[in-house]
Amino acid sequence: MADIDDITHDDRKQKRILTAVTPSTIEQHQYIEGISKHIEVLLHASESPLTTNTLKKHLSLSTKELTQALALLQQRLDTGVLSLHETASGYRLQVSDSYSSLIQRVFPQRQERLSQALLETLSVIAYKQPVTRSDIEHVRGVTLSSNILRQLFDKGWIIEDGYKETLGRPALLHTTAQFLDAFGLSHLDQLPPMPDMNAIKAMS
Amino acid sequence: MADIDDITHDDRKQKRILTAVTPSTIEQHQYIEGISKHIEVLLHASESPLTTNTLKKHLSLSTKELTQALALLQQRLDTGVLSLHETASGYRLQVSDSYSSLIQRVFPQRQERLSQALLETLSVIAYKQPVTRSDIEHVRGVTLSSNILRQLFDKGWIIEDGYKETLGRPALLHTTAQFLDAFGLSHLDQLPPMPDMNAIKAMS
Amino acid sequence: MQSERLAEPSAEVQDMSLRIYQTPVQHLPEDLYVPPQAFAIWLEQFAGPLDFLLYLVKKNNVDLTQMQILPITEQYLAYISELDTAHFELAGDYLLMASTLIAIKTELLLPKPETPTDERDPKAELIERLEEYAQIKVASQRLDSLIRLERDVFLSLVSMPNQDIMNAELPNYSPNMLIDSLFKMQLQPDYQMHSIKADTVPLSDRIASISRQLSTDGTCSFYELLDKTQGKIGVVVSFVAVLELMKRQLIGVVGSELESTPPTDDDDIKDNQIKPLKLQWLA
């Protein structure tokens, strides 16, 4: 164990000596490293992918700082199992594709099973779109877990589009074309007709 | 899937030969690093914390290998923003505490607030378990709303287990390991102590 | 963290001040007229009648053991009388407490019997309940001060590898899964039952699916409601599901017999065979 520690520390020391040409570059590097960690935190915490604009706004960054920090983040991630993935709706962290067979072997059920909580959330979005997070919580009567929203975003079944003009301007959620594909529908009109939920609730 | 297994087996065979001939710390280090990456992947992919036994079983590890790999994982994570956390039901990855305020600022919707009614109900179950619905109603002096119980079940913090042998055989409620996980406890006896009755009586 | 809290238990116990919209309130306006609606909103700040009683005890600045039940009772009843019937749901638990207090008050006003009875002293019982509640209330505050997942610390959310690589072909989901999930959400009992044994044909799934079919098609025969792939057990579970839905008055039986033309003399036994009953959506 001690051997391993030594190796890593030596490596790191060496790298610092190499890059440390002038003291100002060290400071600059540390500053960008700090930003890259903040970006990493936001990517780990966000339910939906984050656009460059969102990142710049939340962390008050210039385009140059963001580019540098993202490059540094990418570099740091290379030592682990995650990769920075850019999708049409922004950046997200995802487990590198090379580990997909390991995941499938250990958690074979992970891909097929859709939990009741996930289906309920998806149904509320599908039938009542556009909806906010709190609309979903209101209909389901329980707080919405970030993990469920994240899974729906990951599957590409929902997107954020626009804001509701109320307190806090919450984002509005919609279903996507990928959602229709996954459920074999060509148009939202083809969703099974919605029963009168209030009538059912009142009677049960 | 088969590929990975093969690779792992080959690696191990190779490692044994190498360590037998020349005890190479670099080879050893690479092998443990590979394991630590697999652990990281499984922790990211799992919906609940993973115990040491689960990890050992899925990755065919000895206790020593696991310990070394976990230490190496922790070390690698230290360069980023995540930390390896051991809870009542196993290991999980979470964003390091020092970044909590950043998350709370940027994603206020991720902060789950619990109502007084829910906290009181949960406390009655946690401190007096096993309890029935009417035990909770007696202590709180309020009819128990099904919404509160639903939230607690939905979060997986409570379960029904067994019946009280009285009229109607009401179900008995208990807290779960997930409850302990959520409140950072590893055992029920780590719950904050109940306030002293004398202090309560003197309260004015 | 824990030791820090233990160091000053008295401060914590005393910190039970009333808050209205996050603003601490020391006193209720004594002589001010509070409109019933506002009073209901004010009362909602309490977790129940015991919480409210505790507030009154604190307001009167008395020790729980030294508590004079009479003034507290009178104040309680005075406040509750303000509550109008529009807030009956909220009032229920408070009215129950009021009746307990009235019973205690009556007992206190009556001359004491010479011989002690076996019956429990209702005043002592109430004080005991208040103490027990106060204890749980403080315990819940301590529980809330623990470092909690998804409030103080956060799990990392990470996407899984590329879908196409994870599984060559996406499973096809039926859109009926969506509507069934909504039925399940509405039709579930008060709170979720956690059965240990996994049913091959879950009753809740059948209830949801039958509800969907009937609400869409109006009427169906029992046979038409069956899912052929579920086999014998499917028939049994479907039958139980139909009974359950009938019990909840969501569906009913229509006998084609009853609605057909009245029997004439020509009707003989041959024609009088029982026609299949149809199930109908009522909601």
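General observations
We just call them A, B and C in the order they show up, numbering each chain from 1.
Note that contacts are C-beta pairs under 8 Å (C-beta built on N, C-alpha and C of every residue); 3 or more make two chains touch, one makes a residue touch a chain.
Because the structure is predicted, anything quoted here is derived from the model rather than measured.
In terms of the stated touch criterion, the partners common to chain A and chain C are B, listed by label. Of all chains, the one whose CA centroid is most distant from that of chain B is C. Ranked by how close its mean Cα position lies to the mean of all protein Cα atoms, the top chain is B. Averaging Cα coordinates per chain places chain A and chain C 34 Å apart.
With centres set at the average Cα position, the gap from chain A to chain B is 22 Å.
Rounded to whole angstrom units, the spacing between the C-alpha centres of chain B and chain C is 28.
Annotation for chain A: residues 44-47, 82, 95, 99, 103-104, 110, 146-147 touch two or more other chains.
Across the assembly, chain C contributes residues 150, 154-156, 158, 160 that each touch 2 or more other chains.
Put simply, chain A touches chain B in their complex at residues 1, 3-5, 7-8, 37-38, 40-42, 44-47, 58, 76-77, 79-82, 95, 99, 101-107, 110, 117, 133, 141-143, 146-147, 168, 170. Residues of chain B touching chain C in their complex: 44-45, 82, 85, 92-95, 97, 100, 103, 110-114, 116-117, 119-120, 122-124, 126-127, 138-143, 146, 149-150, 153-154, 159-160, 181-185, 191-197, 199-204. Interface of chain C with chain B (complex): residues 2, 5-6, 9-10, 12-14, 16, 47-51, 57-58, 61-65, 92-93, 97, 129, 131-156, 158, 160, 190-194. The residues of chain C lying in touch with chain A in their complex are 150, 154-163, 165-167, 170-179, 181-187, 211-212, 215-216, 248-250, 282-283.
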